[in-house]
Structure formats: C-alpha cells, structure tokens
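One structure, pasted below without further comment.
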Amino acid sequence: MEWQFFLEVLVGGLLAGVMYSLVALGFVLIYKASGVFNFAQGAMVLFAALSFVSIQAMGVPFWLALLLTLALMVLLGVGIERVVLRPLVNQPPITLFMATIGLSFFLEGLAQMVWGTDVHGLELGIADEPFDVGGVFISKFDLFAAAVGGTLVAALALFFSKTKLGRALRAVADDHQAAMSVGIPLKHIWAIVWGVAGFVALVAGLLWGSRLGVQFALTLVVLKALPVLILGGFTSVPGAIIGGLIIGAGEKLAEVYLGPFVGGGIENWFPYMLALLFLLVRPEGLFGEKHIERV
Amino acid sequence: MNPHRKIGDVILQAEAISLSFGGVKALTNISLEVREHEVLSIIGPNGAGKSSMLNVINGVYHPQQGRVIYRGEARSKMRPHEAARQGIARTFQNIALFKGMSVLDNIMTGRNLKMRSNFIQQALYWGRTQREEIANREQVEKIIDFLEIQHIRKTPVGRLPYGLQKRVELARALAAEPTLLLLDEPMAGMNVEEKQDMCRFILDVNDEFGTTIVLIEHDMGVVMDISDRVVVLDYGKKIGDGTPDEIRGNADVIAAYLGTSH
Amino acid sequence: MFYRESGQFKSSYAADSAILTIAQDRLFIAALLALAFVVLPGLGSDYLLSGILIPFLILSLAALGLNILTGYAGQLSLGSAAFMAVGAFATYNFMLRMPGMPLLLAIFLGGLMAALVGVAFGLPSLRIKGFYLAVATLAAQFFIEWVFTKFGWFTNYSSSGVISAPPMQVFGIAIDTPASKYLLTLSIVALMALAAKNMARASIGRAWMAIRDMDVAAEVIGIPMLRTKLLAFAISSFYCGVAGALYAFVLLGTVDAQAFDLHRSFQVLFMIIVGGVGSILGSFLGAAFIVLLPICLNLLGQAFHDTISTQFLANLEMMLFGGLIIFFLIVEPHGLARLWQIAKEKLRVWPFPH
C-alpha cells in the first residue's frame, strides 16, 4: 500500500537521522564548551572505531577493548586540547575551524598508519533484520542505534542542565574570560569536554562501523552531520536530534520520491540544500540563539 | 565661540522613535532635531540608549516605530551604506577600525564612495583608476596632516595605541567628507591632553568644513564646553533638550545624574 | 648589504603606491620573469615543465582565486574545486558546441560561467557568516559534482563520464608540447596575478578587506555589502574556473568530475593557509609547497624503498599536511609570505642587527 511504503521510508529516514545526530552531538558538545567547530569529529569517529576493532583483533575481550579504546580516546582528546587548541586560544573561530581541518587530516593519517588501511568488520551482536510493526518493516539495528542515541542525548541533556560541571561548561561557552574570572578551571574543563567528545565519537564509531564496516569512509559521516548542525544550531543538544530527524527523513523521502526524476544519487547534496534553504529563512538555525550585533 | 559659523536649518529630524530588542526597550518615543552646522551632544547614564539612537540615525538599527527625516527625505528602513552615500559618517564606541590594514588604507577606505572606476579598470590599474587613486590620496594626505598622524601612515592600525586609533577612526570618517558626523564617545579612555587634542579637532572640523556633529560623551566639562545644544536620555526616554545652560538648570537631568527622587 | 633602499626617494603618490617600491625588488622580479619566460621553456626538461611547473602555476591560480574570496574578502569557502569544475566543463562545451571558437575565448567564457555559478552560491553570504557559510559552500561542492556526474550532456554522453581536450591552438600556434603548454599557462597566470594585485591595492581590494575585518563599520562607511561580497565570489570563481579549464585541458588532457572533489577544495585551502592568507605572493608560495612536498616525500621513499611502503608514505603525507596546517596557524598565521617579508626586512639591515 502506498501510505505503508511512505511510512516505511519515513521511519527508515528518521532512524537513519538519529545516526546522523549521534555524530552531530560530538560537534555540539565541543562547540558548546569551547566555541570550536571541530571538523575533526569524523576523523575521531574513524580513530575510535579503528582502534576498537584492532584492539579486539589482538584477542582482547569486548568490554576490555571498549574500556581501552575509551581510555585512548580520552587521552587523544586531552592531547588535542593541549597541543592544538591551547596555543590558539582567543583566535578567531574561523582559524580554529581551519586548524581542526588540519587535525582531521593528521588523525586520518595517524589512525591508518598505526592500525592499517584494511576494512574491518565489526559485530555488535545485533542482527540487521527487518521487524514488523503493524505492517511497517523497521530494521532492528536501526531501532537499537536509535535507542542508544536517545539515551546518550538524554544523559547529556541532564548533564548540561543538572550537574555543576555541566553548568560550568555552559558558562565557559558563553564567555571564556568571564568563566575564568569566577574561578572555573578552563583547561580542565576543556580536557573533560574533549574526553567526552571522544566517548561520543566511540559510540558513533561502533554503530556506524558495524553498519559500513570500519574503513576510511567512516570519516565521511562528518559530511552528513554538518547539515544537521546548520539546521539544529551549533549549540543545541535537542537541535542536533531534531535536525538529524529532519535531515534523515527529508533525505530518504527525497531520494525515493524526487530521486527518480533527476537520476538519483541526490543524498550527497540534498541535506545541504535543505539546510541552506532553511538558513535563508532563519539564519540562527532551529534552536540557535538570535545574535544581536552591538556597535 | 566660533563667530563666523552660523547655525542653519534643521537637517535631520527623528520623529517618535521606538526601538526594542526582544522584550527590552532601548528607545521609547524619542524625537529630536539636528540643525545644520551645530554641535549636538547626546548625554545620559550608561544604558540610556545613546548609541542606539546613533545606530537608528545611520541605519544600523531599524526602529519599530517612528521615522528619520534627513534633508527632507523620510525613511524608515535605510541600510547604513545608503546613509553614508547621503553624507552621514560615524565613529564607534569600541574602535571599529579595519585591523588588518594600514592607517593609510583605513582612511582611503573612507573615500571609497568617491571612487567611480569599476573592477575591470582597477584590475588594469590604468587611466581612471590611477588618476582616482592619486587624487583621493591627496585628499587623504590633507586629513592626515590635519589630524597630525603623518608619522604612522604606513603602520598597521592594530599596533597603534588607543588614543591614536581613535584619531585614525575620526580620520576615516572625515575622509568621506560628511555633512553629518556622528561620534560615539570619541574621548572615552583618553587622558587630559588627548582629550584636549580631540576637542580641538572636533571644533576645527565643525569650524573649517561646516560639518554638523552629533556626539555622545560622558565628560560633562567637555560637553558643556563644545556643544551648541545638548539632548539628555535616560532609560530610553528623552528628559532634556536645550543649550548647555538650560540643561545645567534642568531638574529632571539633575535628578537622573544625582539620583534624587522628586 | 646590497639590498638597500637608501638613496631611493619617492617623489609622487604614484611611486609610493607602486607594486614594487624598491629598485632591487624590481630587478629581482624582472630576472625571475626572464627566467620563467625565456630560459625555462628552452632549457627545462619535460618533467620539470609538465610535472612541476605547470601544476604549480595552475594550482597557484586556483589559490589566488580562493585568496581573493577568503584571504581578502574574508568569506571562507570549501567549494573552490566545484568552481574549477564549472570552468573546465563549460570550456569543454563551448569548444565542442561552437566549433572554431578560439581556445582563449573558450577559457574566458568558461571562467565567466564559473563566476555566474559562484554568484549564485554566494547569495546566502548576505545572511549567513563564518562557518555557517563555509558549510553552505559545501552545498556547491556536492551539488556541482553531482550535476557533472549525472547529466551526460555535460560530457557529451561519454560513457566513462570524462571530457578530453581537443587539439588546441592559440593565434595559430599549436599547443602540443610541454614548452608551449607551459608558456600558455605562464602567460595567463602572470597576467591574472598582476590583475589580482592591482585589484588588491585599489578601492575594491580595500572594500573586501574592510568587510573582512569589520563588516558593520564597512557598511557604515558606505560599502554596499551585497555587491562587494558577490563581486568577490564572482572574481574568485572566475579565477578558479580558469584554473579548472587549464587543469583539465593543459595539464591532464582528460578529466572527470571526481578530479574536482572535496579533497581538491581542501588542497587549495591548504595552499593559502601555508602560503599566506590575504597575500598574492602567498598563493604562489603555498602552491609551490603543496606541489613539492609529495615529490620530496616520493624521492625519500625511493631512497628507502626497501623499508618504506607507499601506503606509509601516503599516510605520512596526510599527517604532514595536517600537522603543517596546525603549525602554521599557531606559529605564523600569515604563512610563508610573512616569513619571506621578515627575511627581506632582515636583509635590508644586514649585516647590522637593527
């Protein structure tokens, strides 16, 4: 039936959208706490997934491998903060952005130099088989990924609004100097944030890795997350989710209903056009704060 | 004070201007007039809406209500560059120089409106472009002489001390040969000598070029000395408008500044 | 000791605003041009011309284009390669569909098409800034790549999606040897670099830098935001378009849309970061650096070919590029061009310390 097919595409798109949100979350975290648009998030996803499967391949059990990778990612995050960001503090945001593009290249090279360039399979033990909900077929794996994503977002949202550390993070994001002057230890905070972003990258890396295989192409998921960010606003955790859902659903629906008329393959640019059109109407994004320019 | 300077007709009228950001009211129902060749000061406590008023006059902000009539032409939504084309120039409270450029280039940018050659002529840098560059450079050098900043012409503005940066910003505004010059706290953060220099420049500009000047200033001594008229704002409302002597005796103004209730 | 400006006085504003104000600089450039135009085409080996100099010149032109937009006008773009693609495919179609059209005219029109597309994708720059705009330029990158891959008309329905250069000639001279290709590229690049330098020191260049440094103040001083930004997009894309046409026809001969992918855009961006953001000279230095680094690494690889795999070298290259970007942003944000300037200033007073 027509509407059933439509629903299936829509739900598939929404669930895929959660996967995009997962990557976007890593961006939001770092942007919120340091004002850095971290283009290297995709490289971090690759780095995490590649490290995990390589450690596992050495015969290390799943949970231990997970812990080791997590430790590695936190270490990496702290290292990035110290070597790249600290010397660039108080530089214009665009400079920091370009630095993270460089970082992205560096990490991709490093990950492949250390762990090799082979494509690795990654098995999380969840079958990617369809699941019947009232005549609409939904992938079990997608549901699982969505559940993980949802939990992560809920946890982060609570963390930002309820804990002392979360509030400190928001203060830092608003104004570095003001935050320092009321005694918030900026360096520690940033190290923590980059550590948490490393953790988010690990989760995204595992889910995306088991879907695509762990390989260089994983870094490209960053390109899926960017339109989500523009749509949702760089500073909003819920924005990353809603943006992801809209982009995921919009992309799949466009591919199915619009694609055949233009020869297909539009998923690379459609999310960007969607986000761009949206920006023209609302330059601050869905949940972003309106910025008043003072002179 | 300046015997051969004659204050002329009204050239700018702000009519019942109201401006708010979100729920915050910055300006409420403000009307004021600016007369040709005069020096008008806008004073008031911090947050009174002084800078917002300047921003409304040259089109950086668009008021929700009211309109600005400049030389008989009413407008409600004018872009800043159109205001510049009509002869309104401006300096900013926090210095707004082009940090990556030299002093000379900053001031030359003030003359961009006077240059007519198109980008193809500029790419060839020949004929009209070259003539324009030289002619405008001569004008800019006059301003550089006038403001006594010859020695720093080729210095990147970022390396200059604060007082000189303020002076360069004035030079850039003057380069546009404005009829109406808006100065937002031109003397803030200056020492006494720098203030005296700046006062002299402002009066000289007013005197020699007949430029109408609207300025925001906190130093009451300066304001009372150089202004022909003073407008007082408080919490986005106009509470006084008159000659320096009238303002000195205005009870509302005294209350706003001294905080007495009545 | 010989690099001195003492005794050289400027007696007019024209002399003061000339490109090269010091006699020794003029001499140096004259010698460089003589070397480039006269000596190298005759004495340079085919490998030097086709393998190093032509790619260097073409990438310099693309870097110049991006530098106009990003370095001067302050609008970060991640889509330069897309505009190169427009230039290449448009030039190809002009020559294919209008037989007898002169090569130079086709390249010029190809650049104009790139400029038009650049303006279209520059329109959002009025409402969005910074990395929102950078992400928006990615839309151009992906959309344009897709158009040239999906619609066969642009490649004249070639089954593999490639376009190939027809026989080329300029003013009756066949462009078929490395030396003639090099001279054609050099002439175009030299003229366009001069034009860029001229624009940079005239009112349009000042307008670009003004909106880069402080857009509100620029508008208040009378610079129309939309027109100035769009002009930057148009001229930048024109430069990239011409570079793309040269890249396709003169350098490779046969290309598909993938030759102008996101990776190429990043490559051009890296050139201006390493070379110098907002510097004409920097565009050339950056391009030279990016062209020479892999060649040097390869030589290194050949020297140790028993112990180093090509895979290792490829990864090392990525790490080096990435690391250098970070290094330059931290240590010398104005790139090699600034280092060059410092060296010159030191030379001016040498052998005295101050």
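Which chain is which? They are A, B and C, in the order written, and residues in each are numbered from 1.
Everything that follows uses one rule, which is that a residue touches a chain if its C-beta (ideal position, glycine included) is under 8 Å from a C-beta of that chain, and two chains touch if they have at least 3 such contacts.
As the structure is a computational prediction, the values presented were derived from the model and not from experiment.
> Relative to the centroid of every protein C-alpha atom displayed, which chain's own C-alpha centroid is closest?
C
> Return the chain whose centre of C-alpha atoms lies at maximal distance from the corresponding centre of subunit A.
Following the centroid criterion, the farthest chain would be B.
> Could you state the distance in Å from the CA-based centre of subunit A to that of subunit B?
Once rounded, the distance between the two centres reads 47 Å.
> I'd like to verify one number: the distance from the centre of subunit A to the centre of subunit C, where each centre is the average of its C-alpha atoms, in whole angstrom.
From the centre of subunit A to the centre of subunit C is 33 Å.
> Roughly how many whole angstrom separate the Cα centroids of subunit B and subunit C?
Whole-Å distance between the two chain centres: 41.
> Of all residues in subunit C, which are in touch with two or more distinct other chains?
As it turns out, subunit C has residues touching two or more other chains at 216-217.
> Got the subunit B residues that touch at least 2 other chains?
Residue numbers touching two or more other chains: 60, 92, 96.
> Touching two or more other chains, which residues of subunit A qualify?
Touching at least two other chains: 295.
> If you look only at subunit C, which of its residues touch subunit A in the complex?
Per the stated touch rule, the residues are 76, 124, 127-128, 130-132, 134-136, 138-139, 142-143, 145-146, 149-151, 216-217, 262, 266, 269-270, 273, 311-312, 315-326, 329-330, 333.
> Where on subunit B is subunit C touching in the complex?
Subunit B residues touching subunit C: 58, 60, 79-81, 83-85, 89-90, 92, 96-101, 105, 108-113, 115, 117, 119, 122-125, 129-130, 132-134, 137-138, 141, 172-173, 176.
> Can you list the subunit C residues touching subunit B in their complex?
12-14, 17, 195-196, 198-199, 201-207, 209-210, 212-214, 216-225, 231, 235, 278
> Quick one: which bits of subunit A touch subunit C in the complex? Just the residue numbers, please.
Interface residues on the subunit A side: 37, 83-84, 87-88, 91, 93-95, 97-99, 101-110, 112-113, 117, 223, 226-227, 229-230, 262-266, 268-269, 272-273, 275-276, 279-280, 283, 293, 295.
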